[in-house]
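Labels A, B and C are assigned to the chains in the order they are written; within every chain, residues are numbered from 1.
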Amino acid sequence: MPIRLLFRNLRAHPIRALLTAGSVAVAVFLVCILDATVRGFTAAVDLAAQNRLVVMSNVSLFVNLPLAYQQKISQVPGIAQTCKFQWFGGSFKQKKGGFFAQFAVDPENFQTTYPEVGIVDGSYEDFRRRRDGCVIGKDLAAQYGWKVGDTVPLVSALYPRGRDGEEAWTFNVCAVYEARVRSLDQMTMYFDHAYLMEALDLGAAQGQKGVGTYSIKLADGARAETVMAEVDALFAGGPQRVKTTTEAEFNRQFVSMMGNVPLLLRSIGGGVLFAIFFAVLNTMMMAGRERTRDVGIMKALGFSGGSIAALLVVEALLLALAGAGIGALLAKGVEGPVARVVSMWAPGFAIDDRVLLQGLSIAAVVGLVSGMLPGLRAARLLPVHALRQEA
Amino acid sequence: MTEPAISITHVTKTYQRGGETLRVLDELDLQILGGTFYALMGPSGSGKTTLLNLIGGLDHPDSGDVVVGGDSLTSMSAGELARWRADHVGFVFQGFNLLPVLTALENVELPLLLTPLKKAQRRAQAERALELVGLTDRMHHKPRELSGGQEQRVAIARAIAVDPAVVLADEPTGDLDRHTADQVLELLQRLNRELQKTILMVTHDPVAAGYAQKAIHLDKGKLGRIDDNRKATVTAGH
Amino acid sequence: MASVPLSYNLRSLLVRRGATLLTVLSIAATVAVLAGVLCLQQGFATMQAEHGRDDLAVFLRPGANSEGESGMDLERAQILLKETPEVQKGTDGKPLAAAEMFLAVSLPKIDGGQTNVPIRGVQPATFAIHGDALKIIAGRNLTPGTDEIIVGTAIAERIQNCRIGDQLVLNVTPFQVVGIFEARGSYRCELWGDVDRMQHALQSPNFNRILAKLEPGRKAADLNERLKDDVRTPAKVQTEREYLIAQTGKLSGLLQFIGWFLAVVMGIAAVFTGTNAMLASIGARTREVGILLATGFRPFAVFRSFLFEAATLGLLGGLVGCVLVLPLDGMQTGTTNFDTFTDVAFAFRFTPRVLITAVVFALLLGLVGGALPALRAARLLPTQALRRT
């Protein structure tokens, strides 16, 4: 029956219980999202393909490598496949903030180099055949309402068309893909690099010739370090020196570009925790103070200080966990939309078990400590003081 | 059954109040006989409530010994006292002191949680206690739905639920009107007569004191006198 | 209508010291988080905005949003440099206009990792244009036409091989660091070299922008109108200040978004806390409320009084929150400017805007949180209130 007492005490002040649980819910919601975002930054590194390398200019990400390099690279032993990978920098002007990633690739080699791209609609064959074809991600298709067969106009900042650079490139949606691994986002468009070069050659557009990076798929049994060193040595004398890294390393540089943003997010999480800790503690101290007389009665009846403290601790824990549960559910509920918003920076954003567990544990700790403080006070209270009797 | 149930030997208790040291009980010696209904009287500040608290194991004397039913309270730790209280003593306060969030029945059941009784047995015993005080029909009501007199009777039921040898009452009728007070006092008398409970009742009301068998008078922390109260046996007729 | 004396509320807060402290701390933590993010955003935004000049114009390829995206071939650039009458002439009679190259190059940081450093290829005119705003504070300036480079103060401290006398290899060409310069805004985060030598070393044949000093009275907007549809030399022209502000969009926007998202979400939690605190506080004072009402204070006066108390809690929380964040002011940090993809170092700045935003936010929190409890108190009947113990 102490359990009944516990629930009665909670029900005696329903608004207070709700508000306290509510603030814990908010805090856990935030903590889960922040945590998932920070983890999402590095997911691309942690889950990078082990058997892929990236070749880029040693000087700058923004300098292209000559097209002729691809032939030479593919002749290095240990390489199963190479694929061009060029950032397009386009935007969809018809929709505000219409910003997503586009890459020009080799349709012939793309699928074998990136097997995690799974076609779920349309035809990859069409993509290989049509010069102006493209493959778009599921989430991208959903967000803009594009279907197989649609024409997508994009204006590129890196490859401007027309005199004022505002003329649009048109792409035909040939297929839709979904990601077979977590580190790949579903918001990207892939099209034919030859389409790009053709327009530059014809003078219809301006921009750097060549390719930003080449992706390499290692053959089975090949050693990454050996291949990396060989490719770098190939072009040591120029005209463009290269730097070959593992895909994980390549992704890491984008993460480190984040600089202090992860730290910032973590600090915010810390601040949130403090705010919530004080809030729950406040509630429990108030509850403890209000029940001073009850504590005195129970002690007079013979209940031990420990059992009375336990009641307060369990009460705080219940409030905290109830709030945490709601917060976790809310976080899970917005997982989809938030993942899409942050997919550019944190492709691995996911409210997974680890994130949820962390949120719940934090709430539990807050509850425990918030209950222990008034609990200790109650345990040490002398019945005579609690009942405030006259001499 | 007239050996001393409670033995107070050379007990001194002082308090600090605003920088001053007050000697509330001064080398008090007192023997209380088992199965007797006592009134504990004296002017304000004479140490009545303090004495009650000492006997009930709610407080420790500064010096001297308190023995209740053969148990020496002064040698017990706080934890041991708590356990001892649960089995041996029942309290009735002036302000009733029921837990507002529990029903009458649940309030009476509360001390029974400290016994090894099972749920069904606890229930039964609590209902019996309520029956004894005549409040069976109100057992599922919360304190705020009860009148003052009813609350106090529930408190009494709670006090006897574990069948303690001693019942300690601190101004139990202080907040009640005359008629309700009489009912409560009669109840206490019955408990003493029918169940042989030792009852100590602090009061400053001579009418209330009239219901007891003996009256202990304290003066400045020492024992004044003990009166025999013939009138106590003549209570019927109201 | 008579007001309940303010001292009553203030004393009540003091008496319930523990609860008041915890509530204030809770609100303070919320405000501190918001203020911290705002300080970051303000530091970034002000760094850019306060150092951009209105008398300098930046010429880009039409449609380009930043130097990185912009590309100008030599021919067009030369024409613009020589034949733009709006450009002021220097003491030597030549136009104060320079064609510059811009590229973000990956270099190793002193404390590990790589970062994108902005490298600018400049012409002699560039220095004439910047004038006194650019000072060589160590070593000497680079000699045009050579493989010498000078580095901004922020670079010297953060990037490897950037001290005077060091050799930095770009692509296959070694460059000598001969000097360190101090400049305004984000220029101090850059590495400068001769534009022709840079173009050669980095295999980058085009210029990225033209920087020019305008004749007094000439406006960049007018120039833009004239050149944007020009057949021979189309260009997008802005003042340097406008250009810099446009470069802060993404990061600034991200920080603001984070700030407001947090404000809303944590604000809700803070309101809950405030309401709880006020409910408990008023609940314990039911009798006092009854006395106030019985004495003759009108319900609205009671409402106003408790609202004031709640607002005070909020205000205190806001001030404490600002105090908590104050130590951040001036703290250096760095991240990537998502518009230019280059590393940018800046400091947290606790501006008046941060203070005002934080305090107003906190006040609102207090008011919203205290509304319900204050309403409850005002609607008590004196008889009810006095009966409850």
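By definition in this document, a residue touches a chain if its C-beta (ideal position, glycine included) is under 8 Å from a C-beta of that chain, and two chains touch if they have at least 3 such contacts.
Just so we're clear, the structure is a prediction, and the values are computed from it rather than from any experiment.
Undergrad: What's the chain with its C-alpha centre farthest out from chain C?
TA: B
Undergrad: Per the contact rule at the top, check every chain pair and give me the one with the most C-beta pairs in contact.
TA: A-C
Undergrad: Centroid of chain A to centroid of chain C, CA atoms only: how many Å?
TA: About 24 Å separates the centre of chain A from that of chain C.
Undergrad: In whole angstrom, how far does the Cα centroid of chain A sit from the Cα centroid of chain B?
TA: About 66 Å separates the centre of chain A from that of chain B.
Undergrad: Please work out the Cα centroid separation of chain B and chain C, and write it as a whole number of Å.
TA: Between these chains, centre-to-centre, one finds 72 Å.
Undergrad: Provide the list of chain C residues touching at least two other chains, using ranges where the numbers run on.
TA: Chain C, residues with two or more chain partners: not present.
Undergrad: Can you name the residues of chain B that touch chain A in the complex?
TA: 15, 22, 24, 44-45, 47, 49-50, 53, 56, 58-59, 78-79, 82-87, 91, 93, 97-102, 106, 109-111, 113-114, 119, 158, 170
Undergrad: Can you name the residues of chain C that touch chain A in the complex?
TA: Residues 18-19, 22-23, 25-27, 29-30, 32-33, 36-37, 40, 61-65, 68-69, 71, 103-106, 113-116, 170-172, 202-204, 228-229, 231, 234, 258, 262, 265-266, 268-270, 272-273, 275-277, 279-280, 283-284, 333-336, 341, 343 of chain C touch chain A in their complex.
Undergrad: Which part of chain A faces chain B closely enough to touch in the complex?
TA: 1-2, 4-5, 8-9, 11-12, 293-294, 296-305, 382-384, 387, 389-391
Undergrad: Name, in rising order, each residue of chain A that touches chain C in their complex.
TA: It comes out as residues 15-16, 19-20, 22-23, 26-27, 29-30, 57-63, 89, 155, 157-158, 160, 163-166, 206-208, 237-241, 243, 253, 256-261, 264, 267-268, 271-272, 274-276, 278-279, 281-283, 285-286, 290.
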